[in-house]
Amino acid sequence: QSAFTYPAAWTADQNTANKRGGEFRDYTISDFKTFNPFTSAEATSIPGTMAEGAGLFTQDPRNDAFIPKMAAAMPTVSNNGKRFVVKIRQGMKFSDGQAITADDWITTWKIHTDDKVGSNSYDSFFLNDKPIVIKKLDTYTLQFDLPQTSASAYSIMAYTPWPDHVFGKAYKAGGADAVKKLWTLATKPSDIVSPGMWVLSGYRAGERATFSANKNFGAWNKDSKGNALPYLDSYSYRIVADQNAALAAYLGGQLDNYAPRNADDLAQIKKAIDGGSLKAFLKANVSPMANSQWITFNWNKASDPAKQKLFRDVRFRRAMSHIANRQAMIQLALGGLGSENYYSVYPIFKNQVEAGVAAGAPQYKYNLSEASKLLAQLGYTKKNSAGYLVDKSGKVLEFTLSTNAGNTVREQLGRIFADEAKKVGVKVNFTPIDFNTLVGQLTSKGEDRPFDAILLGLANGANTWPFGSNVVPCGTNLHSYNNPSNGKCLTSQEQLMTKLYYQGDAELNDAKRLAIGGQLLKTEGELQPVIYLVGGNYHVTFNERVSGEYPANLMDAYYESRSNALTFIK
Amino acid sequence: MTHQGEVLLAVNGLKTYFSTDDGVVKSVDGVTFHIKKGETLAVVGESGSGKSVTSLSVMRLIPMPPGKIVEGEILFTGKDGVQKDIVNLSEAEMRKIRGNDISMIFQEPMTSLNPVYTVGDQIAEAVMLHQGKNKKEAMDVATDMLRFVGIPAPEKRVNEYPHQMSGGMRQRVMIAMALSCKPALLIADEPTTALDVTIQAQILDLMRKLQSDVGMSILFITHNLGVVAEMADRVVVMYGGRVVEEGDVVEIFKAPRHPYTMGLLNSIPRPGEAHEPGQPKGRLEAIPGNVPNPLNLPSGCAFEPRCKFAVPDCSKAVPALEDTGHGHMSRCIRWREFEQVQAEVTA
Amino acid sequence: MIPFLLRRVIQSIPTLFLASILIFFVIQLAPGDFLTPAKLNPGISQQQLDNLSAAFGLDRSPIEQYLLWMKNMIFNGDFGLSFQYQQPVLNIIWPRILNSLWLVLLYTALFYAIAIPVGVYGAVRQNSLGDKAINVVLYFLLGFPSFFLALIVIYLILKLRNATGWDIPINGMTSQGFDSMAPLAQVLDVAKHLLIPALVLAISDAAGLTRVIRGQMLEVMRSDYIRTARAKGVSERTAIWKHTFRNAILPIVAGIGGLLPAAVSGAGFIEVVYAYPGITPMILDAINAQDLYLIAGFTVITTVLLVVGNALSDILLAVVDPRIKVG
Amino acid sequence: MTTTTPTKAARVRPQGQSQLSVAWAQFRKNRLAQTGGVMIILLYLMAIFAPFLAPDGLSNYSTSNITRFHPPTPIQFRDPETGAFTRPFVFKYGQELNMDTFVNEYKPTTQQCPIYFGVRGDPYKILGFIPGNIHLFGTGAQNPDCNVYLLGGEDLGRDLLTRTLYASQISLTIGVAAVLISTLIGLLMGAMSAYFGGIVDTVIMRLVEVLAAIPYLFLLLLLRSVFPKDINPILALYVILGILAFIGWGGLARVTRGQLLSVREQDFVSAAKSLGASDNRIMWRHMLPTMTTYVIVTTSLAIPSYILLESSLSFLGVGAVEPYASWGSLLKAAQDGGLSSLNTRPWVLAPGFFIVFTVMCFQLLGDGLRDAFDPKKRS
Amino acid sequence: MTATTVQNRRAMPATGDTLLEVNNLEKYFPIRGGLLSRVVGNVKAVNDITFRIGRGEVVGLVGESGSGKTTAGRAILRLIEPTGGQVLFNGTDITKLSKGQMRDYRREMQIIFQDPFASLNPRMTVSDIIGEAMQIHNLHPGKGRIDRIAELLQKVGLRPEHMRRYPHEFSGGQRQRIGIARALAVDPAFIVADEPVSALDVSIQAQVVNLLQDLQEELGLTVLFIAHDLAVVEYICDRIIVMYLGRVMEIAPSRQLNTSPKHPYTEALLSAAPVPDPTIKRQRIILEGDIPSPINPPSGCVFRTRCRYAIADCANIVPELREVSPGHFKACIRDDIL
């Protein structure tokens, strides 16, 4: 069987000399909690790193398309797009030399979907609460049966297969508990088996994890010239206290990679580069970040009907969007480098945002006089002596806005929002509160939920269908503005958005799906249930001793800056 | 007493002052006295009269600052037979004298021993320092010394800590330590004030015995006149930092020449003076008034404000210490009149 | 000695018990639980949250959870399973405690090495120019928040590194490639990493101790037995180091037992700032994540050590101070 | 006895000297401690009159004229063209993010902003009830875009001097109030323990032990999250304060108990008892007052440690919340800025020096008080 | 036991009526130890003492340090609770009284302390210290109180203007006077003077002794005068009680005790006191060793370990306090000595 070839176009700098060896020194902020892929819940995890390059399909950063990786070819689709039969590439081996076969996928699926294991991937094997069924047709053939068509079919199938000969055995013998006991931090790294590019070679609690190249990976992964990948010998994470410590280490030449947060970071790096103490590549404003910051208003305030009426009034929410001085937020809170945001789709997902704009999704930009006009329509025309708008009964137009304490950027966004609101006479009582309390309020259900407005952010999500399954449909956890006990929609727009969400989620055609998404954005924009504010920008910097990064046009916050397989030391 | 009247220590015009926040305290203001070989000289006086400061000056242990020997000389003839002025010695030379030629016992047996070392260690330290003995030999000396001062089971006691001993025993340890290098002069600063009469009797007895064994001189500081009567050959009476009377012990008790000394003698109840049942009780003849403030001594005679014999002349100038005959000195302008008074009384 | 220890053990049972209840319920009282952050993940469904909640036993009542935990602790000697790590608490914290221990040991050594001579000097040369100068520096150091000091030190190191090219470690406990070093090189490497945080901590903390020692020395120097020693003719050095110092440090020696729990609870902030893999960052992390059993287990361990440390203090005091008897 | 003239009497020892006046006399001799005391008084005056001293309001900034991390503006006295002395002024600065170096560059423009004394500006209430709008100095309302930044600007572009002055209100009260609370609790608990003995004693002492057993920092973090924080932010701060105090009383309670138990054995207490004084009277008139010296001294030493603690709390993100600030939270903001705070805008560290200075003054004062009240040090 | 008590009762002061009667008074201080800090032993500070004091009498209580004098004095006043025995004041057993009832009796019985520095509250002015008693018992309310304080101060030889001062501004002798004024403030009938002059300089000691004597005569006070200096006690007391290790050794009129002690301990005590007369060089009896531990007192006669007359029986028989001549009691089994 042929190997998977990493396209030459994925790298800006071809390793023509076939330079091999060396270590890529990365960092992470929090310590690792486990080696076990089934209990791991961290963003940067050890199993996640090891498994790089494993999975039946992978996404091509050039066009977002899925291409076969461990699959020998694209699957045969039948049953109205609900059945996928996948041929597995033959000759692949785990790091311990055992062949990778269909059993590994089946076992992995079984364990992930056992609720006693508590795997974080549990949800990805269900569509609308209906399970996905996976069958082994033969040693190298898998059959996936989806309960309905899904745009996410390929990413669902792209999960990492973990060795049946390790986990399957334990699972059969001792069930979920036996699986949970495997591969803890106390396990010897040499006992850990990887299907992917790296295999754990060392771990020092709280300090670093080191991976070495999985030789068996090289057997089926080649560069365009047929050289085995990865070029690097090893990959390491240093665990640091915070971004400041990481920056210090990066400036000191101890790390190869750093994710600059803001203009300050960029300035420090630039200064070091100009001062000659650091030789590094630096590119600012590569793309927006894959996240959003927003303010949501609570529609379920039975105890305060006046406020409930206000928050449910679309004119009020539009006025609030007009109040949000997004430029000032970028200048002040993000140090000048950021992007305005008007939709639930992160600006990085350009195609979808553009489809929304094309569909006529409105943007209620910073405009205080417009805000005043809208508020006047709501009956707020008079101001009291303190300068706040009052209704006929003399009650001040005010609400409480909370965010999580300790997040400087959000505290500043809230501050700016509150201060701008004061200019039109809206009294915003801005209070940073404990994160867990905040989340508790946000995700509460009922007719009388315990908050007025919350400023928070979300991240995560894939570019195939960049809407949250847990956000858009009524009755889900993060449908934060309206979450009554019965979980019913309140407005027709919500109903429409819920419908469009499932429609798009089931749409396999990219163009059609974009159009549906556009409609969804338009509906959402008109309803303005949540006010989107700003997002930071993605910047790239790395030490010049490494090379093999993506060409400039492929870098973004979603695909990041490089394919590790193609990375090499100059 | 078998001494030839050879002077061991001569203090001449000693002035030791302390500078405090409130002003200069002239604790010792021109003190002159001497001790002969083998003699016991008692220094008496009220609290604050400068007894301790005098003795500490002799040892050069005045805390500096705030204290300072401003004037005077302290001539001492050591074991080597050479006379030195202690005031001018270097610190190193002084250390050789301390504990070796001159030793000292303090008033508070409870706090004067280092609580974290065994008594043996503490005695041996002086021995090792001055006699060049090694630790083992020094410990043997320490054991012997403990036996010498009458501590039972010295072999065991030598390894005990001060807190394991009673006050009387500790004072014996202090004495053992002071005598371990056979000093020529022992300064005892109120060695029995903190002790019970019965224990005091033991200690005084011991000191007398040791003195005759070792043949040293003792500078005995106390305010207990009973003790003075028992221990001293000669007496120096101090008041307000000055010597007010000096003389042979019998003279001082029988024929005091200074009103302060007289007052002191009259103040003490004498055993056997108790009244008969049913009889009216007698009265003590107390000195009126309080001890003077050392910062603010009267310009003339320091005792003048409390003196029942005071005349206007008393406050004019500090009276001189005059010899009233056979070495009996008094610092009172009216000493001659007392001779008469006493003569009358005896008559 | 044995009855003393026994009595201490018996006396400490209610303390331990109360402490465990307090800590457990305080954690329970805090809003949210280990799973709260997961609720903000747009991809995790309610079903999944319920599964996890059941898996961690978070769906039971706090009292039930406490009793189970207690039962486990008393009968199995295990402190529960960490939510984050899915491992017994002791296994996780032990390596961290060991790491902390190295730092704390070096810190303690430096701490005393700095404070003792400076404190003694201050007392012996009371009110001299040197004493006054030291005092001013000490007052200054006492006012310095240690994290602030640490930040400045990191910055200075970075400058120094750039200026000299020396490989002064900025953070962590070991260098890259530590595992392949020779044993001696490993020791040196760790020592190199420990030095700066330990020094920063020692200097900022030594200020307090220095002043305590100075005060103690002055106090003891005034005592009668020092006068006795001088009257024996001992040298100044003996008077100070043998007679005064030994007595002056009694209260400090007695406090050493109290360092035990401190040693195990790590060097605090400094570990966070220098990204040192000690126990503090882990516990802070656990508190943020509300990793119930990890926090509770750790607290029980430190409480036990506190009790042991106090007993140890008493024994130590009896050892150094012959006046005190244990019993 | 009428011979003594008043002057002479005064020199010897003034009549009717109380313990306090003796201590005061001792204290008067300690220059360093006095300096510390005077500085502390000045600091508190500064805190009280912060709104007046500050050129700006607590949370004033412009969303159009960006002054984020505005550098300190030197005050000019000479006209740049003529060289003649003029009314003091500052230059207005222009701001631009340099997209090459990513440094937010500030350059003085030629526009001069004259500085006036006693200008009208942001309204305030001193001590919460004395209203005013006069500021010690400022650029006045004529030049709305002008501002004096003596200590530079912070991350939203607010005047750091103003923020620091306002922050002193919180930083300086939080320590005092926390110490006050914990002193009260500590004294009460210690007294109860000594007084009632038995079960009460056992329970309180166990509690003290338990509190001591639980790592301070962790208990603090945990307790903090128990209290509702969606209340008034100022209230929230004082809740933290309450928590600080709540944990901090153990040591004092233990000392109080020990001291009272030993005082109980003292003769003057026996004397009161023999006079027939009730237990209550003995407690309040004779036993508790023996704690005053100790309390005064520990208090003056505990306040700085609470100030430091508060700053550590801010470091952990538990301290003062927007828009209010404490020195600790300002320093935390500086710390967040990482290396940039040190090498591109060191002025943001200024609150740190206020902390160091205040703590130092309190230490000096505390030591001075300790010496003044120490009978052993008295001549 | 009963026999002793009866005998003692019969044999107390010959003349005048009894004001205070102390019967079999005991005070044990428990020593705790062991696992549960149980009582493992007792310091027998006062061990079964019995005596009477007549109205207007001055009785001395002497003995070495640690013999239980202070404990006895305080137990009589119930400043510490006696472990056993009776204290009859004017015929009332005050050990049985409630706290409230006791408060009224406190007016009648006062104490002067040894340490003039520790016995005055340093935070109160002299007028507060002296006035406190009046306040408690509501005596001389209003303006009269100040006058009374001034009067008391004058009585003890201080000036009224001293009222506003604090204790640390006085010398030791003056403080002791304040302590005396405080005791007199409630017009007591009975005063325990616990070594009131031991801490004072000889010259000041004489002043205070004189003062006490004057006051006693003037006010007709009954005084229990505790001291360790026999000379002082003899001087002002009518009768003297000698204690050793918690027990009474001898009771006799002052003169008689001094001139013809009947107990070996008294003999030794007398002989140990140095005489301020250099011409008298007498042979003294030196007691060997220290006072034994009151936790484990010697069996039989507690003094036998240091007694030069001790015989084998002394270890077996606890000697009773017997009247050997009118008004003269001793607790010694040997009559063939002294």
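Each chain carries a letter (A, B, C, D and E) given by its place in the written order, and its residues are counted from 1.
Rule of thumb we're sticking to: a contact is a pair of C-beta atoms (placed from the backbone, for glycine too) under 8 Å apart; a residue touches a chain by one contact, two chains touch by 3 or more.
Quick caveat: nothing in here was measured; it's all calculated off a predicted structure.
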Task: Topological distance between chain A and chain B, in contact steps - done: 2
Task: Minimum number of chain-to-chain contact steps, chain A to chain D - done: 1
Open item on the list: Quick check for you: compute each chain's CA centroid and the global CA centroid, then name the chain with the smallest gap between them.
Closed with: C
TODO: Please work out the Cα centroid separation of chain A and chain E, and write it as a whole number of Å.
DONE: 89
Task: Centroid spacing, where centroids are CA-atom means, of chain B and chain E in whole angstrom - done: 32
Task: Interchain centroid distance [CA atoms averaged], chain C/chain E, Å - done: 55
Open item on the list: From the mean C-alpha coordinate of chain A to that of chain C, what's the distance rounded to whole Å?
Closed with: 39
Task: Touching two or more other chains - residue numbers and ranges from chain B - done: none
Open item on the list: If a residue has to touch 2 or more other chains to count, which residues of chain E qualify?
Closed with: none
- [ ] Check each residue of chain A and list the ones that touch at least two other chains.
- [x] 248, 251, 434, 436-437
TODO: Would you mind writing out the residues of chain A in touch with chain C in their complex?
DONE: 23, 25, 30-31, 33-34, 36, 39, 41, 115-118, 120, 122-124, 126, 129, 180, 184-186, 202, 204-208, 210, 236, 238-241, 245, 248-249, 251-252, 254, 275, 277, 434-437, 439-440, 442-443, 456, 458, 460-461, 468-471, 476-478
TODO: Please name which positions on chain B make contact with chain E in the complex.
DONE: 46-47, 166, 168-169, 196-202, 204-205, 223-230, 232, 249-250, 253-254, 263-277, 281-288, 290-291
Task: Contact footprint of chain C on chain B as seen in their complex - done: 59, 61, 91, 94-100, 103-104, 106, 108, 111-116, 118, 122, 125-126, 129-130, 161, 163, 174, 177
Task: Interface residues, chain D side, partner chain E - complex - done: 1, 13, 15-19, 22, 266-268, 270-278, 281, 285-286, 289-290, 292
Task: Complex contact set, residues of chain D against chain A - done: 59, 61, 63-64, 66, 68, 97, 99-104, 155-157, 224-225, 228-233, 236, 317-318, 321-323, 333, 335-340, 343-344
